[in-house]
Structures are given as C-alpha cells and as structure tokens.
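Next up: some structures, all given as structure tokens.
Shared chain: chain A. Partners: chain B in the first complex, chain C in the second.
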Partner chain A sequence: MHIPDGFLNTPVTLATGGISAVALAYSLKRVNETIKPEQIPLMGLMASFVFMIQLFSFPIGVGTSIHLTGALLISILLGPMVGFLIMTVSLLALALLFQHGGLLSLGANILNMAGVGCFIGYGIYRLIPSQRSSLIIAGLLSGIASAVLCSFELALSGMLDLSSAFKTMLLIYGLTGLIEGVITLFILEFLRKVKPELVEGPG
Partner chain B sequence: MLINMKYGILLTALLFTTSLLGHDVSHSILRNGYGVEFHYEDGNPLDFADVQIFRPGESEMEFQIGMTDENGIFMFNPDTLGSWTVKVSDGLGHGKIVQVEVGETISGVVNEKSLPPLQKAIVGLGYILFVFSIWYLIVKRRQEQHAHS
Partner chain C sequence: MKHAFIDRFASLESPIHGLTPSLKIRLTFLALVLLLFGIPILTIPHIWHGLLLYAGLILLAALISRVPFPFLLTRSALVLPFSVLIVVVNYFSGNFSFPQMIETVCKSLLSIFTLLLLSSTTPFHEILKQLSRWRAPKLFIIILSFMYRYFFLLAGEIEALERAVHMRHSSVSGWKRILVYTNMISMLLVRSYERAENVYQAMQMRGFTGDFR
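Let's look at the complex of A and B:
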C-alpha cells in the first residue's frame, strides 16, 4: 500500500498531505509535553521493529505479497500518538531511502497506514472489552479501513477502477489486517509473560 | 440481358472481394522493442498489472495501455527517441513509474540500482537510530534546563 509518486492527483495529494501534517504536528506537540528521556530508547527500538517488518513482505498465496505495519502493536504498547510518530519516521525512511512509496504521496501513505492503524485500530481495540476478540477485530477493521481509504484516493486520481478492484483491495487488506491482529495478539501474550509492565504501559 | 447479368455478378464479386481485403489482417514478427520487468521486493513478479506507456513529454494521452504478462514483463515498441514513461499499477496501491531512455540503438539490459535487502535494513536502522538519538538529546537537554531553572 505504499503509493508511489505520480499516482495521486494534486487535490488528493494536498488533502491527504494536509490531514497528515496536522495529525503529525498535534501528536508531536502532545507527546513532547509529557515525554521523558528514558522513554525514547524504547521508542527507537519499536521504530526499528516497525521499519523491519514493513521492509520485508511475504506471499499469502493469492498471487500477491503483504507486509505488516506494526501500527496496532506500537499503539497498544506506547499509545496511539507515539505510535503515529514512530510509523511516520518509518514510512519516511522507506520513502527516502528505498522509494517504498513516494515523497509527494507520503501524506496519503501516512494517513492510510499510520493514521488508520494507530487511531482507528487502537480506538476499536479499546472499545471491545475482550482483548483477544478486540485485537482480531481491530486488525481486520483497520485493514479494511486502509483499503477503503487507499481505493478512494486512487479512484479519485483516476488510477483505480473501483468496480473491478475494490473487492480485491478489501479482501487482500482485510486478510492482512486479520493476520496483523493475530500476530499482535501473540506478541502481546508473549510480552505479558516476559515483561508485563511493558504491556500495561500508556496504551 | 444475359450479358448484363454476367457483368452484374462480376461487379458484385469484385466489390465483395474488395470488402474482404479491407478486413484482412496482415502481420509482421518484430524482433526489437523495449521490455520492462517488474517484480515485488520479495522477487515475485508483478503479474497481470495495468501498464500505461507515454511518449516523451506526454503525460495525459497514452501511447499504449496493457497488462504485464505472468512473469511481470511488458513489451513495447517506441516510435520516437527520448525518455518514455512506463507506469505500472497492480490495483492494490503498489506500482511504479519508470523512465525508459530510447536511443538510436538498443543497449542491452539496464538493471535498476538497488541495495541488497541486508544493506537496506542496516541503512534504515542507522537512520532511525539517528532520529531517535537526536530526539533523546533534545528532550534530555530540555529536562536539564527545567531542573536548573
């Protein structure tokens, strides 16, 4: 879902860039007000983890490969705003260094992956009382929300025919979200056993 | 009367033949042209992906549209020299825009310069370490200033 440059038209680029810039400025301001220096190494470690899982994709047997975002996990461990900042740093690294997604379309990519994963995914996770169900539903719904957002951005730019590609997008990214939810569940279960104070953090 | 009828049949046959010739399709097998091969990071081909080709200096009107084959390859035969734009999209938000330089002669395979995955990981982790180290120093300094004041 790393949209390259040249795929989005000017209005979509400006709109998504504007929304992402506002969310980034707000998150940075809020995080900076409360952050302690000793929290930053853990954030750096989580950013490295997110970067690595986004760098490598794996096939899912339906003719395409996917990669996880890690947005749900870092939002639960460190809070959605810190998660959003970490995701932005990682997406910027992928775009700047390896052309995984364009620089002009960075706003759209931040919105689709960081915004949806950290805010919508985390919001759904908090709404549902049962942790197991909530993680799986949050993963699935944030995957679907990312697909809807990405499809509309591309369709508005004339790069996607919604009638033919929308169902595939929903299927692939819904499945990706579901896998993300299940893997997040396993990681949290593991962390709860070995380092429970990490799971009971700000998220 | 019989002669007129013969001329009529001959004329109709001629017209029918001309009409058939107009719908005939001839072909040539070309052995030149440019091909672009697309694949994902994990090496899997970008198969059956939508492709748009634009002439040099053109960004609206396509020269050709089509689809990559099952190996992720798309072939085209440019008719002018210059930098041609090849846009590929798999319909899932992945894609790329490639500039293909078309010169007087075709000069073999041009591979994209890309770092191996391990080097990419090291470079990326170095960048992230740098960003968070700077942030740490800023926050630490601010905390010290607060403590002094």
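Let's look at the complex of A and C:
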C-alpha cells in the first residue's frame, strides 16, 4: 500500500524522510564501493522491472487484486544494499510518474516497502536454512512489519485509530506478505529451471 | 504497443511547459508543503478558504498548461480508493467528523493533482538533469535514467506476455491463475536480465569502462 500525500503530519514526514535519506545515502555509499561495471545497466533494468510489477496487479478473486513489492526477490538476486537502492528508485518514479504514493510521504513509503522488504525480510530469509519455509516466513513477517510501521505512521498523524483498525491492517498486510513470499518462491523455482546462473548471485 | 504512456503530455507547448524545470520542481515542492502543512495551520479558522484558494490557483495553472482535464481528473481519482477507505474507517471509529473527512479527501486529491501537473508539464529526463545539477548522487541518476529508458520496452514485453497468456490460458482461474502470473513475472525478469547483459556488451563496445563518476 502506497501512502499518498495528505495523510502524514509534519513530525512523521520529517522523521520517515530523514531515516530513508540516511539509509539511501548509506546504501549508495556501499554500492558505489563494490559495484561492478556490468551491474549498472542491470540495476536500471531491475528498477524498471520492479516499477512494472508494482503497476500490474493481478486479481486474487472476490474483487480484490494485489501486486508484489519485489523487495524480497530483488534482495535475494542482487543483495540487500542494491535491492534497497533499486526499490527506492522505483518508488520515486512511481510517485513522480504514476502518483502511486506522494512526494512528501515518499520517505514513509521507502521505509515501509524498501526498508522492510530488503532488510527485515531479507535478514529473516538468511536466518533460516530451508529456502521454502524461510521465504514464506520472511514474506509473512515483512508483511506484518510493514503493517506495524504503516499503522503507527498513520496513527501518529492522527489518521488511524489503532484500537479498531490495527487487527485488520495486520491481517491484510500479513496475507499480502504471505502471498509475496509464496510467489517469490515460485519465481525462484522457475528461475532455477530456466536461468540457474541468476539465482546463484550474491544472495 | 503504447510508446509514450508515461509523461505523454510533457512535450506540449504552453507557458507552464516553458518554465524551467528547476523552478517547477521548487514550486511543486513548496506548493505541497504549503498545502499539507501550511494551510491547515495558517488559515486555522477558515481552512476551507485556504483550500479553495489553493484549488483555484492549481486549476488555473492546469488550464494554462493545456494538459487535458479528463486525463488529470481520472489520474487524480486513482488516490480515492485509499483516501476514502481511510476516512470512512476513521469516521466510523469516531475519530473524524464529517468536515474532516471531506477536508482530508480534498487535500489528498489536490496534492496528487499538483504532482501530476509537474510530471505532465516536465519531461522526466529534464527532471533528472535538474537533479544532477543539484548534485544528486551520480549512481542514483544513472539508475533512474536507465529505468526510464527501459520502461517502454518492458511495457511492450508485458503486453506480449499478456497476449500469449490470453491466447493459451484464457479459461484458467483461481490458484492456477497465480501460477500463470508467476511465470509471466519470471519470464519478464529473465528477459530484463538478458537485455541488461546485451546493453552492457553494447556499452563496452562503445568504450564504457565502468567509470561513471
């Protein structure tokens, strides 16, 4: 869920913007140190890819549709630092070109999607040895982490009554995260069959 | 294939399109800060006057820019599902009064309208050029421009994949559909990856040594 402009107050906007800016500066520094020349066009294309999968939502029945964030997938393929950079770039472009999420709320969206997916999700994925269960748990937990962050940002801005809406948020985000984990697993299995050298990257 | 599906009105000609990107980016940012944080504080007893004045000014700017209104309105309306959901939840939990509901929806609509006006009067590459003049990190700008360059090709790939899926699996439903969708995404990923390899080889042939700083 991309938070549009108009739902966060000044302190929350400044705080989330600040944290995201620091994280972005850090990931840029780290990536700049380790980047290989052939990764430059790859990062651009992967950013384009993330942009596309965030735009093309697919129906899951009962009138709702969801889309992946792609954070977990990209972090597994290219490492969490590059993943965070790519996610940030796509989120900026989504806000500027497709008005998915606002400009001033970009910091919050980066934190909720890129930060959670690339650092928390990927961290959990690395912790658990079995790939199948680790992906599903990582998806579920990063969904829940996103729900917690998003609810608190909205609640601190006076836009959400935690006591009544928190459970629903947890449920929706948890489910979305779970689906993201399962789909990421399917995608990795597919890649292993079709283009195995892609999966054996730094992840 | 739809080629210019992103900033297709950015190359029109109007006084607004003629402003420098630097001015437009600054104005947009200022307008958003004013709308979201300024107006609610400065015009506290008459927030409506502030919002109406803002709406009047931004609509005037949109009129001058000659970007088609139906496009601006339908695109801005994309925010409605989110904002209506949030205000309705707040209304029923007793957190919001009715005027607050309307005010919040208006603010989110106006801010998206403002952002839309920037992106449909300024070509994306001009925004990038301006950002790099403001010393945004090189790597960041490079990724953004690569991404922008390949949107159109990836959109074409998706269209082709969708057509192929439609021809072969049009009757598939439920869980199988997710599998089909997964395969589509994976295929898109493989194609993007292979394209990146080809692009890199082409760059190498033209003398790219990996030095972009």
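Note that in this section the second predicted complex is superposed on the first by the 195 of 203 C-alpha atoms of A that agree within 3 Å, B and C clash if a C-alpha of one lies under 4 Å from a C-alpha of the other, contacts with A are read in each partner's own complex, and residues count from 1 in each chain.
Rule of thumb we're sticking to: a residue touches a chain if its C-beta (ideal position, glycine included) is under 8 Å from a C-beta of that chain, and two chains touch if they have at least 3 such contacts.
Bear in mind that the values here come from a model prediction, so they are computed numbers and not experimental data.
Enquirer: For the three-chain model obtained by superposing on chain A, do chain B and chain C clash or fit?
Expert: clash
Enquirer: Quick one: is A:Ile172 in contact with chain B, with chain C, with both, or with neither? Answer first, second, both or neither.
Expert: Once the two structures are laid over each other on A, A:Ile172 reaches chain B alone.
Enquirer: For chain A, which side has the bigger count of touched residues, chain B or chain C?
Expert: C
Enquirer: Quick check on the superposed pair: does A:Leu94 touch chain B, chain C, both, or neither? Answer first, second, both or neither.
Expert: first
Enquirer: Report for A:Met1: first if it touches chain B alone, second if chain C alone, otherwise both or neither.
Expert: Both: A:Met1 reaches chain B and chain C.
Enquirer: Scan A:Leu135 for contacts with chain B and chain C and give back first, second, both or neither.
Expert: In the superposition, A:Leu135 touches no partner, neither chain B nor chain C.
Enquirer: Where does A:Leu104 make contact in the superposed view: on chain B (first), on chain C (second), on both, or on neither?
Expert: A:Leu104: touches chain C, not chain B.
Enquirer: Can A:Ile35 be said to touch chain B (first), chain C (second), both, or neither?
Expert: Both chain B and chain C are touched by A:Ile35.
Enquirer: Per the contact definition in the header, classify A:Cys150: touching chain B only (first), chain C only (second), both, or neither.
Expert: In the superposition, A:Cys150 touches chain B alone.
Enquirer: Thinking of the overlay built on chain A, is A:Gly44 touched by chain B (first), by chain C (second), by both, or by neither?
Expert: So A:Gly44 meets both chain B and chain C here.
Enquirer: After superposing on chain A, check 6-14, 24-32 or 60-68 and name the one in chain B that bumps into chain C.
Expert: The segment of chain B occupying space taken by chain C is 60-68.
Enquirer: Would you mind listing the overlap between the chain B footprint and the chain C footprint on chain A?
Expert: Residues 1-7, 32, 35-37, 40-41, 43-44, 47-48, 51-52, 56, 58-59, 89-90, 93, 96-98, 100, 154, 159-161, 164-165, which sit in both footprints.
Enquirer: For chain A, which residues are in contact with chain C within the complex?
Expert: Answer in residue numbers: 1-7, 9-10, 13, 24, 28, 31-32, 35-38, 40-49, 51-53, 56, 58-61, 68, 73, 85-86, 89-90, 92-93, 95-100, 102-104, 154, 158-161, 163-165, 179, 183, 186-187, 190-191, 194-195, 198.
Enquirer: State the interface residues of chain B toward chain A in the complex, per the touch definition above.
Expert: It is residues 40-42, 44, 47, 87, 89-97, 114-115, 117, 120-121, 123-125, 127-129, 131-133, 135-136, 139-140, 143 of chain B that touch chain A.
Enquirer: For the complex, give me every residue of chain C touching chain A.
Expert: Its residues touching chain A are 6-7, 28-29, 32-33, 35-37, 75-76, 78-79, 82-83, 86, 89-90, 93-95, 104, 107-108, 110-112, 115-116, 118-119, 124, 127, 137, 139-140, 142-151, 154-155, 158, 174, 177-179, 181-183, 185-190, 192-193, 195-197, 199-200, 203, 208-210, 212.
Enquirer: Provide the residue numbers of chain A that touch chain B in the complex, in ascending order.
Expert: Going by the criterion above, the answer is residues 1-7, 32, 35-37, 40-41, 43-44, 47-48, 51-52, 55-59, 63-65, 89-90, 93-94, 96-98, 100, 112, 150, 154, 159-161, 164-165, 168-169, 172-173.
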